[in-house]
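Below are two complexes that have chain A in common, paired first with chain B and then with chain C.
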Partner chain A sequence: MRRQLPLLLVAITAFFVMAMKFFNFGEVGAAAIQEADIWIQVTYEFAFLLGAINFTRLHYGNVARKRPKWVYSVVALIAMVLTCIITLVDGVNGEIAVFLYENVANRIDSAIYALLGFYVCSAAYRSFKLKNLEAGILLVSAVLLMLAQAPIGDAIFPGISKVGEWILNVPNSAGMRGIRLGAGIGAYAASIRVILGLERSWTGSGS
Partner chain B sequence: MDWEKLQYIDIRILYVIILLCMIIPMFKPIGLPVAISENSRKVYEVIENLPDGSVIWVSHDTGPGNAPELNPMITALARQAFRKNCKLVGTAFFNENVGPTLLYDHINEVAQEMGKEYGVDWVNLGYRINAEACMKVMVDDVWAGVGGVDWTGTPLDNFPLMQQVRSIRNDVDLIFVTTVGSPGYATWMTFVTQPLNKPLTGGASLTMYSGVQHYIRSGQLKGFLGGLRGAAEYEQLVGHPGQGLSGMDAQSMGHITVLVFLLLGNIGYFMARSKNNRQ
Partner chain C sequence: MTLTLLAEEAPKGILFFAPEMFWDFILIASLFVLVFWMIQRARAGLPIPQIRRIAGLEAIDEALGRATEMGKPIHFSPGMSTFGSEMYAGLAVLSYVAKMAAQYDTKMIVTTRRPQIHPVAAEIVKQAYLEAGRPDAYNPDDIRFVSEWQFSYTAAVMGIFQREQPAANLMIGYWMAEALVLAEAGAQAGCIQIGANTNIFQIHFFIVTCDYTLIGEELFAASAYLSKDPMLTGTVVAQDIVKMAVGILVVIGTILATVTGSAQGLIDFLSL
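Now for the complex of A and B:
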């Protein structure tokens, strides 16, 4: 029953929502969908709680078993517990809670993102080599787009921004459409398998 | 000279050069002209073609990392919208702190300058959890979607603008979204603009920009701004240079530095290969 109940719940919910979407049940259907949307919002809140529990279990396990780099887990646990206590005592919009969020969490986020710029530069330098035709196409596209995205490109080669626009609009669009269509069909297939109970790995029981 | 070494320049040297090339133009701008792309022009025109007094929904769906690219877009949008006496209703779904705060700061700065009043000409509804469900509720009932309060918890009854904006379906003319991931433009497209047939435009971080092109071609996006370059182009169209244009010289120098290093790396690679072939 522990295995069947979640599968049954998923199937019933999915068929219910699909029926409401594909058939017109008038005002009753619209009200049901609106109610379901509110349920989704409530369920989402529970997912956060689940996330916090999983996070604690994982990092507590790392510390208790002294796994490699367990010190980082200590830092993560302290940060989570401290933030929770401060936010509960001070309130979500409290002075200390907002200060911590703006001056620690946000700054770390910005710094990590800024570091990516340097990593991209070094990765490009190390790996963009004209080794074969495919690498050549990639290299030429990258060079053209980098020149097209900066005003200096037009200053050196007038009109290069138009070439960049064409690369984005035509070959890039074609590729992206293929990827999106493929991913969309894949998502449909995976969803149908989950709804029909053929895919069960999410229950922790393997497929 | 041992050309092969060009492949193995100490990466710290590259980092220092990149850093200097980005910082120096900020203090000593070159002022290179920025060509306007078709996509940026479309964004400007779709807003310019709205009737005066229209309601624009602006969602600043950004995090701290990408904010410098996207903030200038919000400033320029506020300037163009307020010039046409358009009203702005704002949300932020990507980050609970940065999005709403930056949205407020950037619109407020322009609003103060142009004599526009909070609650009458613009409102910031802030962050709400679970964007998809919230958007779906707001399609027919904005007040219910945001719990009847703005980002500071002030009841919406206090704002004359919100008496006019009850549902996105009937009361909003255009949606402008900045995007760095999900939720972002795709969420708005799926749950709001496609079902309601509303125009959607905005801007994305440069890393996401290649992924939106086919939606522009299909007409699902009415143009889109790409990164800091897009913001700079939009500022130029609005006729008020700001942070976007001032960052362009740094971007130019950064890109040129990377290209120079790419060239050096490839020279080193070919020299090494020809040497190996000779041996």
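Now for the complex of A and C:
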């Protein structure tokens, strides 16, 4: 029963949502979907509590057992506790809470995102090494596209911007659409597997 | 009472279908019919076509073997999405990898971004250790909810790569802008990497940084491929039949557009 109940709940919910989406039940349908969204949100908040417990247990364990680099766990725990206290006392839209959000959390987030620029270079270096035919095609396409996008490209090779445009619009778009089409239909099929209970590994019981 | 309300609210005639959902309904209904057909074939013991060899999935055993030989952990993440088709596919692969890791006695670190995924991932891994007959080897501290923030999660996993030096990194699910940052960090830590993604704007980052990449729909074939269950394989066959039908429509549209100069008639028909 422990394994069957989640499967049953998933099937009922899925058929309910599908009916609401596919058939026009007017305002009743819209209200039902809205209600389902609230239920999802409530479930999500409970799950967040589990996440916080796991986070605390892991980092407390690191500190208590003095595992390597345990100091970072102290920082993580202090950051979490302080943020919770400030948000509870000051409110979600309080001055200090918003300051911390915008000037600490957002900035750190942006810094990590900025790493992408550097990693693009190292990934490009590794992938453009001429090791096989595929890498060769990638290299030639990339060089052509870079020249096509740069203003100097047309000055060196007149008409190269047209070549770049063609690469982007024809082979690139065709490939992307093919992948999107396959992935879209694959997602439908995967959902049906879950709805029908054929895919059960997420319950921990294997397929 | 509810049914009466529904009947009163529903527009009359063909508009009973929600606008622009007719063909979606046909697609889903066709898939259901084909899946049931394939299940019947599988139950009757009739032959089901095989799935072609997928290098990325074959390489999972290699990655696990490498980690075991080196005595290092493996890192697994089911992606950034919440519950959805990609997440279920990622969790199916997690189930397989966890069983193998439990059998090989290899430490497995699982990181999740979504709090609701964490207990599910923990249950999958715990069950895998139970099935392998080694429940004592299951360590709940290895299944980690990291952060809901996209780049906080990224930074934390990069830290895990640096501190715990996993021998293999499996990123199976839906990935966004963090795809390249994580895959590059994994490559720099010397991991053998297997990536899977359905996000067409990020797949190429996995292709250039990972040793093996599951592209798009290959992710959804993973559970059938790994379990070798004929019923699951049947659903992949059903999916391929629908894909072929859609492909035929694309070809018809292309011919119409080339010969008559416009495929607007077909587009209007499919926009019903």
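Basically, the second predicted complex is superposed on the first by the 134 of 207 C-alpha atoms of A that agree within 3 Å, B and C clash if a C-alpha of one lies under 4 Å from a C-alpha of the other, contacts with A are read in each partner's own complex, and residues count from 1 in each chain.
The definition used in the following text is that a contact is a pair of C-beta atoms (placed from the backbone, for glycine too) under 8 Å apart; a residue touches a chain by one contact, two chains touch by 3 or more.
Here the structure is a predicted model, which means the values were calculated and not measured.
J.: Would you check which partner chain A:Pro151 touches, where first means chain B only, second means chain C only, and both and neither mean what they say?
T.: first
J.: Tell me which partner A:Tyr72 touches in the superposition: chain B (first), chain C (second), both or neither.
T.: Only chain C; A:Tyr72 stays clear of chain B.
J.: So, A:Ala11: does it touch chain B (first), chain C (second), both, or neither?
T.: Neither partner.
J.: Is A:Gly29 touching anything from chain B or chain C once the two structures are fitted on A? First, second, both or neither.
T.: A:Gly29 sits against chain C, while chain B stays out of touch.
J.: Should A:Tyr44 be classified as contacting the first partner (chain B), the second (chain C), both, or neither?
T.: After superposing on A, A:Tyr44 lies in contact with both chain B and chain C.
J.: Looking at A:Glu199, would you say it contacts chain B, chain C, both, or neither? Reply first, second, both or neither.
T.: Second partner only.
J.: Which partner does A:Gly186 reach: the first (chain B), the second (chain C), both, or neither?
T.: Touch status of A:Gly186: second partner only.
J.: Scan A:Leu58 for contacts with chain B and chain C and give back first, second, both or neither.
T.: In the superposition, A:Leu58 contacts chain C only.
J.: Just chain B (first), just chain C (second), both, or neither: which does A:Arg126 touch?
T.: both
J.: Who contacts more of chain A, chain B or chain C?
T.: Chain A has more residues touched by C than by the other partner.
J.: Share the list of chain A residues that count as touching for chain B in one structure and for chain C in the other.
T.: 44, 105, 109-110, 112-113, 122, 124, 126, 176, 180
J.: What part of chain B is in contact with chain A in the complex they form?
T.: Spelled out, the residues of chain B in touch with chain A are 9, 11, 14-15, 18, 32-35, 37-39, 63-67, 97-98, 101, 129-130, 132-134, 136-137, 140, 153, 206, 209-211, 213-214, 216-217, 226-227, 229, 248-249, 251-259, 261-262, 264-266, 269-270.
J.: Which stretch or stretches of chain A touch chain B in the complex?
T.: 33-34, 37-38, 40-41, 44-45, 93, 98, 101-102, 105-107, 109-110, 112-114, 117-118, 121-122, 124-126, 128-131, 139, 142-143, 146-147, 149-155, 161, 165, 168-169, 172-174, 176-177, 180
J.: Any idea which chain A residues touch chain C in the complex?
T.: 18, 21-29, 43-44, 47-52, 54-55, 57-58, 61, 68-69, 72, 105, 108-110, 112-113, 115-116, 119-120, 122-124, 126-127, 138, 176, 179-183, 185-194, 196, 198-199, 201-207
J.: Which of the residues in chain C come into contact with chain A in the complex?
T.: By the definition above, chain C touches chain A via 2, 5-6, 9-11, 15-19, 21, 24-25, 27-28, 31-32, 35, 39, 84-86, 88-89, 91-92, 94-96, 99, 114-116, 118-120, 122-124, 126-128, 131, 140-141, 143-146, 148-152, 154-155, 159, 163, 177, 180-181, 183-185, 187-188, 198, 200, 203, 205, 207-209, 215-217, 219-221, 223, 227, 229, 231-232, 235-236, 238-239, 242-243, 246-247, 250.
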